[in-house]
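Across the two complexes that follow, subunit A remains constant while its partner is subunit B and subsequently subunit C.
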Partner chain A sequence: MERPSLATRSVQIAFLAVVAGAWFFATETASVSALFLPKPASVYAALQRLVQTASFWSAVLVTLTTILKAFAIAIVAGVLVGYAVTRSKLATQVIEPVISGLFTVPITLFFPMFILFFGIGTGSKVAYGATYAFFPIALNTIAAFATMEERYLRAARSMGASQLETFRHVLLPGALPVLITGMRIGFFICFASVLGGETISSVAGIGRNIAHAAELMESARMYAWIVFVIATSVTLNLLVYAFENHIRSR
Partner chain B sequence: MSDLAVSPNKIPAAPSAFAKALRNPLWLRVALLAGVAALLEIYGRLYADPAFMSPPSLIVNAFFTKIAPQPQILLALWYCVAQIAAAYALSVMFGVVIGLAIGASGFSRSAFFPIILLLYAIPQVSLLPLVVLMFGLGPVAKIAFGFSHGVFPIIMNVVAGMRDVKELHLRAARSMGASRMETIRHVILPHAVPSLFTGLRLGMTLTLLGVILAELYVSTGGIGYFTRVFAESYDPAPLFALTGCLAIIAVLFNELVRLAQNKLTPGKRRPPTLKNSVKE
Partner chain C sequence: MSDTVISIRNITQRYGAADQTDAVLALDDVSLDIRQGEFVCLLGPSGCGKSTLLNIVGGLFKPTSGTCTVNGRLVDGEPHPDKVAFVFQESTLFPWYTVIENFRIALKFQGIAQAEWDDRAMRALKAVGMASFARHYPEQLSVGMRQRVNMARGICVETDILLMDEPFAALDEQTRMVLGEDLSQLLAATGKTIVFVTHSLAEAVFLSDRIVVMTARPGRIKTIINVNEPHPRSPDFMLEPRFSEWRNECYALLRDEIRATMAAQRDPQPQSAGA
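Presenting the complex of A and B:
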């Protein structure tokens, strides 16, 4: 990536300014219905009101615990399955295309089944998020361990490393960067799918609240929620990006 | 290692066709899937609660008795196909044009690419109720949502493909007197083709996701209505059959793009078929 120059930065700032300005003028001159695009000030006021309510934080807590549960399940299942598969070349050849093929089909299709199996509560969202995040984690675990160079393993063996030592000092450090990438992708897929599940059908959580505000046509409150989600997501992206760089540079 | 133990006058018999098939990943894969189906059949028939699970045979049966004879469901499926096609066509058109515009020069890339990345990082599903509020319950909202999912990976991969041109090739083109347009036409664009197809495939996957998310969210009509009715009446067989139809539609769309990729990407430029890890 090129180093941002003053000129490129100013283009970016100008772009954001144009978007913000368009939002401001469109709502001030009322050329767009306030239902679709409320005034920035009213969105800000709605956001201020929202963060003071207890229901806001309980919704955030519900979504957060759902995401964390789903992500934990996906990591354990994805890494275990991925690692087990790579223990045999044949198993890798047989199973890897099945998993990557399934991953190109939107798992969202099966969401009604999750509702059927686990009910409308958080259970179905945990299962759905975990299933979605399982795929990138498993695929990257397979890629990480299956593409390990044979000569490193042979070198470790010939120097008398035990199975555990080989895993600890050769397999794991070699696989870690790809594993971490899988987990990052898995996490954001988990985040989006839990939100999506809550939006489509649920009784609590952030997604439910956005959908509910839309159903009541309270656009200011809906925009406040959306702003909150986008800000959270961008912050998380930056944090994870920094964390990943930190791991890689070690 | 065990070959060494075979005495030299005994030539090992050529492996039988069956033994060969046992080592063939493709057949093993088919066998694996058939095994899973058989297990589901046994489990569904003997143990499962019929309100939640249905054996595969009954699902196929439900397709012929409860899905195929209902013109409304078929119409909803047909609408779904048309929406995916429309959303994907828009994604490809806008994705390629915007991608070319952003990737055309180093300046536009470093100015606009971070904006695209920022937009791509937004969890779009949080905008789903807004999109439906704006575009209504009909096909337009679903096309719009599929488009907004599909366009970003295409833009990103077109830009990435144009970026990774080797400096050596550019210098060669310049030294042979190629103009800016000629360099783009003969060096940069051909180089971007494999990456473009990566984007087109990812774009298809995400277009499918967007359209289906919107279909499921709008539960008053279309596919979402029928899935809700089947799920709420604890009638799993037609629900699974309908889901199966959508899955087949998704697989066919994906295959279509893959075939186009294989047809249109000549020889060496094709990326390896066994895609190893998931990247953006």
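Presenting the complex of A and C:
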């Protein structure tokens, strides 16, 4: 992947500036109620108060643990299922469309079932996030291994590679870039669905706190949480992209 | 003959069940002996089964019937990397490894002790003039350079037999000729036995001791042409009248087969030639 040029970066930063400017303009001059959209300054103040509380960090910890658990399950299940499917051409032809078909179903519809099965605690969010993230990871794993060029496998076989050696030195490195893409997509789907799940129904975590602040009509605190989530998500995205580019450019 | 290293006996290769209409007879009762140190080209129209034959010799395919022995040992659909190395098109270099890593992995797969990897790799790279590109990734090299590296990868495992499956097919005419020259130089010294599949008439005449001209599908051996010219061969050989004579002889033999292939593609008929 190419490094973003200065021009690309400038446009991106300008876009952020426009959003921030619009927020500032809408709250300072126009008559948008502070209940719907508080001023940037009061959100900032709320965020400052928030990060000093112990409950803030315990909520962050709950959410991060939930995301990581869900992500770990999705990776293990997605990669294993995806890889197993590609071991047979027939299985790939039959199962790949099924998985990609299921992925188009809004799994959010089944969220109440997750609550019924796993309870209102973190278990339901782990299961929900893992289920959602399973699909892109499995699909990308299938794509990664099924598109492996026959010629590399033939070359490895002609050199006397064992099955394990072929996997370690040919299949895996060949599949890695697409595999990593699947994991990145899976991670952010996990992130979004865990937070969404928490907001809809939970007893702890960031999503719960956002919903709670909204119920109490404490807009500044709610936006403070949202700003924190956006900042975290953007930072993670940049880190993951850097990692992905590092893998690809090897 | 006592110095025969590759012995192909009555090899038939069929794809799909014999009673099905879409069954394809790729090779029909092919027998051929290849001597130690010989450079043999398999020449024929597309789809005549020349690559299939090479893959059978290398143990990548198991023939429907017939046998192939290498150094007296039966090849039965199992590669024998200690005796035989393959050189495919340049695109079989693993793009996720650097040039030197590609060599290490080939040597590792072949079961060579790790202490020898880098020595052997550098020796082979020097032989093709690519030693200074050891740390490059394949995609950082031109196609011609990649093919040099790819040839060297086949050579570094130091097998007696080298099977080359249209290694220069992706190259332009000039690069192809230069690499052919290099190959001729390189191999005259080693005494390797080489089986080389190609479409190119000039390449076949320039490189071979014997040219095995094959028929259109089903592949059979039509004629074998002896190219009695010592190795290594200089480019001047291509200017000799006898070069053109051999080349024209090949072309005359192939032309009928290519016409047959084209006719078969125009009006496909049920396979009748397989009986």
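Definition applied: the second predicted complex is superposed on the first by the 226 of 250 C-alpha atoms of A that agree within 3 Å, B and C clash if a C-alpha of one lies under 4 Å from a C-alpha of the other, contacts with A are read in each partner's own complex, and residues count from 1 in each chain.
Convention: a residue touches a chain if its C-beta (ideal position, glycine included) is under 8 Å from a C-beta of that chain, and two chains touch if they have at least 3 such contacts.
Being a predicted model, the structure only gives us computed values, none of them experimental.
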Do subunit B and subunit C fit side by side on subunit A after the overlay, or clash?
fit
Which of subunit B and subunit C A:L116 touches, first, second, both or neither:
first
Once the shared chain is lined up, is A:G207 touching subunit B (first), subunit C (second), both, or neither of them?
first
What is the angle, as a multiple of 10 degrees, that the CA centres of subunit B and subunit C span when seen from the CA centre of subunit A?
80
So, A:N140: does it touch subunit B (first), subunit C (second), both, or neither?
first
Looking at A:G182, would you say it contacts subunit B, subunit C, both, or neither? Reply first, second, both or neither.
first
Where does A:A30 make contact in the superposed view: on subunit B (first), on subunit C (second), on both, or on neither?
neither
Is A:A54 touching anything from subunit B or subunit C once the two structures are fitted on A? First, second, both or neither.
neither
Kindly classify A:L164 by the partners it touches after superposition: subunit B alone (first), subunit C alone (second), both, or neither?
neither
Just how close are subunit B and subunit C at their nearest CA atoms in the overlay, in Å?
5
Taking the contacts subunit A makes with subunit B in one complex and with subunit C in the other, which residues are shared?
none
Seen from subunit C, its contact residues with subunit A in the complex are 58, 60, 79-82, 84-86, 88-89, 91-92, 94, 96-97, 105-106, 108-111, 157
Which of the residues in subunit B come into contact with subunit A in the complex?
23, 25, 28-29, 32-33, 52, 106-107, 109-112, 114-115, 118, 121-130, 132-134, 201, 205, 208-209, 212-213, 216-217, 219, 227-228, 230-231, 234, 236, 239-240, 243, 246-247, 250-251, 254, 274-280
For subunit A, which residues are in contact with subunit C within the complex?
151-152, 154-161, 165, 169-170, 173-174, 176, 250
For a test of understanding, state which residues of subunit A touch subunit B in their complex under the given definition.
1-2, 4-5, 7-8, 11-12, 15, 35-36, 90, 93-98, 100, 103-106, 108-113, 115-117, 135-136, 139-140, 142-144, 146-147, 178, 181-182, 185, 188, 191-193, 195-196, 199-201, 206-207, 210-211, 213-215, 217, 219, 222-223, 225-226, 229-230, 233-234, 237
